[in-house]
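Reviewing the structure listed below.
Letters A, B, C and D mark the chains as written, and numbering starts fresh at 1 in each.
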Amino acid sequence: MELTPIMDPEALNRFLETDFPQLHKDGKVFEVMAVGPGTVTMRLMPNDRHLRPGGTISGPTLFSLADVGAWCAVLAHIGPVALAVTTNLNINFLRKPAPGPLSCTCRLLKLGKRLAVVDASIFDADGEDLVAHATATYSIPPR
Amino acid sequence: MELTPIMDPEALNRFLETDFPQLHKDGKVFEVMAVGPGTVTMRLMPNDRHLRPGGTISGPTLFSLADVGAWCAVLAHIGPVALAVTTNLNINFLRKPAPGPLSCTCRLLKLGKRLAVVDASIFDADGEDLVAHATATYSIPPR
Amino acid sequence: MELTPIMDPEALNRFLETDFPQLHKDGKVFEVMAVGPGTVTMRLMPNDRHLRPGGTISGPTLFSLADVGAWCAVLAHIGPVALAVTTNLNINFLRKPAPGPLSCTCRLLKLGKRLAVVDASIFDADGEDLVAHATATYSIPPR
Amino acid sequence: MELTPIMDPEALNRFLETDFPQLHKDGKVFEVMAVGPGTVTMRLMPNDRHLRPGGTISGPTLFSLADVGAWCAVLAHIGPVALAVTTNLNINFLRKPAPGPLSCTCRLLKLGKRLAVVDASIFDADGEDLVAHATATYSIPPR
């Protein structure tokens, strides 16, 4: 399966800002850092809202990072017109992250006409420890 | 499997308020409405933060509702002392909900010494349409 | 969501026998027992192949029971013509079953034009203990 | 996370043969091909039982390959004494494989004291197409 992205990080970030302004209500939280064949890397800069007592990042924040990152991996390859919708997301929480930036590497496992399946791995700032791992499915409307 | 809850809705809501104040940063969003043998029903009162363009409730909000509800179902039966941690959550998004209150019915499928598994069904305000369905696993620390 | 089945247990069992003979290579293992609005109940009669040392039923057998049962729940409502394909199955193993018959209750959570989502609960012979719980998604080809 | 395997392919295959003889009832179906730090590669040689009409390999066979492979990845790092049990397995079926040998690459995402999480990718004989992808959790008994 050879995949060729048709959106670059700048185009994806602009699309997030204009079409999903609520993602950035408290400053720039999500940012696409890199796009490659079948892949997208997204960074999360957490603020107080994303933290939990004991100094860690909340589960819903990790879910959001995996979902937004995986969704951008789909859009990067089909363009911003098509409205892909999350139908399933399975997430394993592996290690409690420290309250700092996180990085999410997303990889298309399948890009079909109707369904896309994406693997998302969330790493801490050092890129050493795997914090969470998700697999998500998106329904792609008829083009 | 006979399950007897040891916390009522009032005790669970008080625990959420004192130990997870960030859940209520924008007003009372999550509220336990009912507790039964093996079950907890939680209500979500969404605000602007939880909405998405096109007039629906965001995926991370549905994730949070399932996770907080399922977690309360565990706590209701083991008490607020033990710190249960989400290890896995699988969610299927079934129908786009209208931007109003949602209800989440959580049911313990297993309450073991080390692991608890909970089924969470999210309904719209009328209680007619199933909006999302999740299954979550919690690791229970040694008591 | 009102669902009306269009195949009864006899029609589903006949379809399994003619179109999936390999399911019955060692005798009648899977049998649809009941069909209702949005639901199918399937029974497994295990043989030596399905057992594991220590006297329990193998994981792949539980997976098969959930998958065949959930798939029959879809077919019961769309008919045997359409070829539905499993795209995702998430299963939680809850209790080791004794080596006897099992019963699987399947319930349609969603029956869309393109995707169906089914909840499958596997009980032991007494119908008291929940042995495993699965959620499965099926892709429905254009009709 | 640095992981050092303590069993090699020969030891794992011998363990499968002696402790799980029913896996080989119809000849040598499952075979560990390689072991590395945090990884195990397993090969499936399908027979008639694993095929489906239309010339593909059955879903339960793919499930078994992912489960046995991921389980061996855990055993390779904790030894054959501990009895790890599958608690959750989430599988996405991506492409229908042709009826030939398959290869499953398993990677430990986490090896904790109580839980191990493994990623399993199933490829066709050429190693080019990803046929299915699974994530599995194993409960590790106290040592």
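A few notes on this one:
Basically, a residue touches a chain if its C-beta (ideal position, glycine included) is under 8 Å from a C-beta of that chain, and two chains touch if they have at least 3 such contacts.
The structure displayed is predicted, hence computed values, not measured ones.
Chains that count as touching both subunit B and subunit C, per the definition above, are A, D. A count of C-beta contacts for the chain pairs B-D and A-D puts A-D on top. Taking each chain's centre as the mean of its C-alpha atoms, subunit A lies 24 Å from subunit B. Look at where the CA atoms of subunit B average out and do the same for subunit D: the two points lie 34 Å apart. Distance between subunit A and subunit D, defined via averaged C-alpha coordinates, is recorded as 28 Å. Shown for subunit C are the residues in touch with two or more other chains, namely 87-88, 90, 92, 137. On the side of subunit D, the complex with subunit B involves touching residues 87-88, 90, 114-115, 137, 139. Taken together, the subunit A residues at the contact with subunit B in this complex read 19-20, 22, 25, 48-49, 51-53, 58-61, 63-64, 67, 85-93. Put simply, subunit A touches subunit D in their complex at residues 1, 90, 92, 94-95, 109-110, 117, 119, 129-130, 133, 135, 137.
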